[in-house]
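Read from first to last, the chains carry the letters A, B, C and D; within each, the first residue is number 1.
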């Protein structure tokens, strides 16, 4: 066990735990806060993967924007929080079964796969992954088209969201 | 100017379509606007054609003003257009007649928007056939020409229009089937539809080759007849001609003008552009049969015309008669290919196409003029109209004489050339065709007699039935036709020399 | 201006006049006839200049006036058109120009220019007279301008034909005249008889024309040219004569000649296509003169004379020509004897005289045929115009009495007009004597004598005898006509009040009478007793004969033909006068033989044999039976058959199999499934989600099982 | 060094947790929370594959970024829908919405 591994196990454990809390908390505000914790955990995992930029984006976008958005949504629908009573529906057992089956299936598949124990190569010295990412995102030979499509998607989502949530009184 | 020069044919071809689309956006009630717009729009292609005619170099062999764009690459079909001496004269005829036909349609007041749109689409369809240098394009335009005409007859025709339009459509489609199959066969065999390439490949086929499991000779014979029947229906040749009197009789006046003036020429043009170059051997072998059908059309057409009591039907049958001479010339050219006889016969045939376009359009228009006023075409109800409408009478006699082939007017020159070309090689057929020429005189005189001559017709002389003289607009329709008829009769060389150069190079 | 250029211009003035009248001056009668007569005069002037210049050229036959231009491209060569005036052309041009000018002038008076407009006249009918101060007087023709337009076009056609150097332009002029004859014969188109006559004329001549067109095509394809000068060369003629045509054992030359000759048969109204000409009398009289004398029928003869070198290449064709000519001569002459209409007599006389010319040509008498053509043109134009003048005078009488039942053309209504219309009488007498061949002083004698002499001299005794008998008949009916019309005393009130016609009509008569006498003197044979040595040479024979490469030999002088022509002419005239001097009415006429009167029933025969069957075939066989019955019938079978096949497919396949089994069946299956699967459609998103996952697992598991384990 | 399998297992577990949340929670906002977890799990996978594959190929990160964008869009639209539904039907419980029922 190296230090890195230990750190990973701890982070992973904490993350999964807060994830479980996200789906089980009775109070939605709590659930949203636990989501923030989970997302933060994932950000740390990114760091472990040497993807610092991703970690920053994770924090800024997910925690800074998405999680906050959730909290707003929760508060806007506050009158009907239904904090009391069952938080899980009547088919929760089927859901749980599916989740377990999914995990089991994925795990089984991972085990039979050959590249499981592969280890990461060293990142070459002087390799600027942020610059490379930016170059590839805007290069016509690479990913400018998906990038642009994504921006169009965002625009569409924005217009759609405004339209849906607009109070037509 | 450079753009104009390099895209001249496309411009001529698609301007009418463009204009038709513009009409679509004009307000529906403005009939007057539709008329004038359509008329003006159809003058532009005519002007461009004059420019084309001027820029065309008759001494060069092969096609000129060619344009080629990828169209259907997977099967080797290109949008390839161009003109030579034969097709340019047909293009000229088409763009010349269309404005006149539109001017002749100014009296149409029902659904003018659709009417003029269809007319302009029709022009594109016809021009496309004459310009196409790709079999598939040829076929596409061939069919495009059919649809507007169907609707013109079906929507603006007279009493029996449903029957006539359906008959027209089914007849032509029936012929097109074989044509399409034969075209596809050529395309599949050679991987291209380009006429110029096909001319060479197809004729250089070794006669021992086996195609589609049959000897090449059999395949060619079958394809030859598939082509011939399709074109024979359109020309129309006896015995495929019975759609024509019906369609003509029921079509609106301008529809008849274009039908007789240009659409019939598509069939004859098909013979010249496709049948003879593709099947020189078969054309030689079956020229007797072709000549037989042509002579049958000439003789029976004249006889049938003589038997009519319906003025328009009389004129319609005269088309059968006149187009027979075109095919007779073509048959002679097929038989005598490479000789002077063939050149004269073929030039005569092309000229006859042009001439018939002028005189038949004129005749149909004149029938329309009187029909519009009297609402009848029954010859028995006419007679003795000359004192009432002297100007109309004079014009009718003039045009009839052109149709009759009076020397000094255009019809004579072409008939003379066809007879001259056909006589040495198809002597008996030509001699029998003279019987048709004789009866041409008979039915023309019958027409004049039954309409104009005779004791003054009291029925149309007074009161509500009073027949009015041909008006200025109608004279303006006839005037260009008459002038051209006269010019071609006196000095045909300007047109014939262009045709002749191409004919000498091709046949 | 060079002579060649001048020749190009000769036909143009009438054409321009036609256009001017039609387009601009048709409302103004005076302007119209001024334009037309000026045009005729210009052409006349041109023709005279050309004629005089032609006289001045040495060896004119070898150096005619000719020029040509490229007209129509044919393959790598050109078809040329051009003008040619050779001796024959010059001679013909001379009489054509004169007669046309005279006829134009005559028309002014004939159509009553200057008279008031008729009370009830309208276009399409002859004028019916106008009332002035209670008297009925002649009224002006309502279509006066149109008449001048048509005859101008006609004149254009004739001049074109004469000056043309090739068969093609000759044919152009030929057909334009055909059109004009149609228009002019049917000038009073509102009269059904005139309308029918016009069509008859056009159609009958067109029968000839289509054969002629074939002949032209044949000639053109064999020789590659249509120019007279190029065809009539030794080499080409021999080629043509040696090539067999495969028809009736004729050589190419023979067949071409025969085809062209059929054209002439139609145009010059030879048997059996003669039927149109008498009916053509329906037209105004100047038209009759135009058609019968100066132009159209002459054109037919002119064309065969032109083509003589070709025709003479084949004996058989020549025999046919001679036979047709001789037969027509006697055949028409016999009919003329029994006619009562003053113009119809002349019409049959014309047919007969044209037969003389054709027969002359058929026996090789080239010059004689041309000579008779010209003299006949003069005196026959004179006779027609004279008869028109008579009719005009009679109409005057008719209007005076007001009895419109009297036919002003029937000779039995006339008599004694000698004193009423002296100028007409004397000129008509000259014309009639010329037609009869009155010895020595008339042109007709010299030309007819030359034909008989040629026939005798070349040993064509049958032709000689036939023509001699025909000449006898000619003299007889001519005298009959003169006697009935002018001599004796008036037989009707109208004839008493007949009146001499105006100067515009009599001047042409005098001019033509002059030529009817004098023109004969240019062709007096060299060896004719007394007169021959006096004139020293036969100018006409010399001049026209040089048109041919080998100048034809004049026949040896013989007393037999001379005496024969003296006997038949004088005998016929004498007998005619003797028989008719006391005839008072139709009943006393012994020659009213119905067989002759009805023209041997040829009209009726043609009606039954050709015209009715043609119409019947056209209408019933070709149109109704073939087109509408068979072809459309077959087409109309397609409809029901397709319909039957369609309904069979529908009833036995589409409805039970496709619709009920496949169509309805699949719908029912789907409905059953839908009904039973409906409960799982809970509308709850999470349940759908679970269900889809279940499916994924099941399918994935199965796939995994199949792919990896099995 | 951490083997790749650890990351993948972690991601699988996170994914399953999210799946459970999406399938079983009654509150619509909570369902969306579950979906967020699933998306994050996928992102972890993507970045891990990038790290353990050819680093010079940025496909994994690019993909992850695009997933961010999709997630943002999804949340924006999803929450807007929730608010809209809440306004109209006055409920945020998924089970109570069965308008699409047969």
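Points worth noting:
Assume a contact is a pair of C-beta atoms (placed from the backbone, for glycine too) under 8 Å apart; a residue touches a chain by one contact, two chains touch by 3 or more.
Note that the structure is a prediction, hence the values are computed from the model and not measured.
Think of each touching pair as a link: the shortest run of links from chain A to chain B has 2 of them.
Among the remaining chains, A is positioned farthest from chain C, on the basis of C-alpha centroids. Put simply, the chain closest to the centre of the protein, by Cα centroids, is B.
Centres computed as Cα averages put chain B at a distance of 32 Å from chain C. Averaging Cα coordinates per chain places chain A and chain C 107 Å apart. One simple way to say how far apart two chains are is to compare their mean CA positions; for chain C and chain D this gives 103 Å. For this pair, chain B with chain D, the centres built from the Cα atoms lie 71 Å apart. The residues of chain C that reach two or more other chains are 686, 690, 693, listed in rising order.
In chain D, the positions touching at least two other chains are 22-24, 94-95.
Across the assembly, chain A contributes 89, 91, 94-95, 98, 102 as residues in contact with two or more other chains.
By the definition of touch given earlier, these chain pairs are in contact: A-C, A-D, B-C, C-D. Against chain C, the residues of chain B that register as touching in their complex are 167, 239, 241-242, 245, 300, 303-304, 306-308, 340-341, 343-344, 347, 384, 386-387, 390, 394, 397, 401, 406-408, 412-413, 416-417, 419-420, 423-424, 430-431, 434-435, 437-439, 441-442, 445-446, 449, 452-456, 491-493, 496-497, 500, 503-504. Chain contact summary for the complex, chain A toward chain C: residues 89, 91, 94-95, 98, 101-102, 105. Those residues of chain C that touch chain D in the shared complex are 678-679, 681-686, 689-690, 693. In the complex of the two chains, the chain C residues touching chain B come out as 22, 70-77, 122-124, 168, 171-172, 174-176, 179, 182-183, 186, 189-192, 195, 198-199, 202-203, 206-207, 210-211, 213-214, 216-218, 220-222, 224, 614-615, 617-620, 622-624, 626-628, 631-632, 635. Remark: chain D residues 1-10, 12-27, 29-30, 32-34, 36-37, 40, 43-44, 47-48, 50-52, 55-56, 58, 61-62, 64-66, 68-77, 79-84, 86-87, 90-95 touch chain A in the complex.
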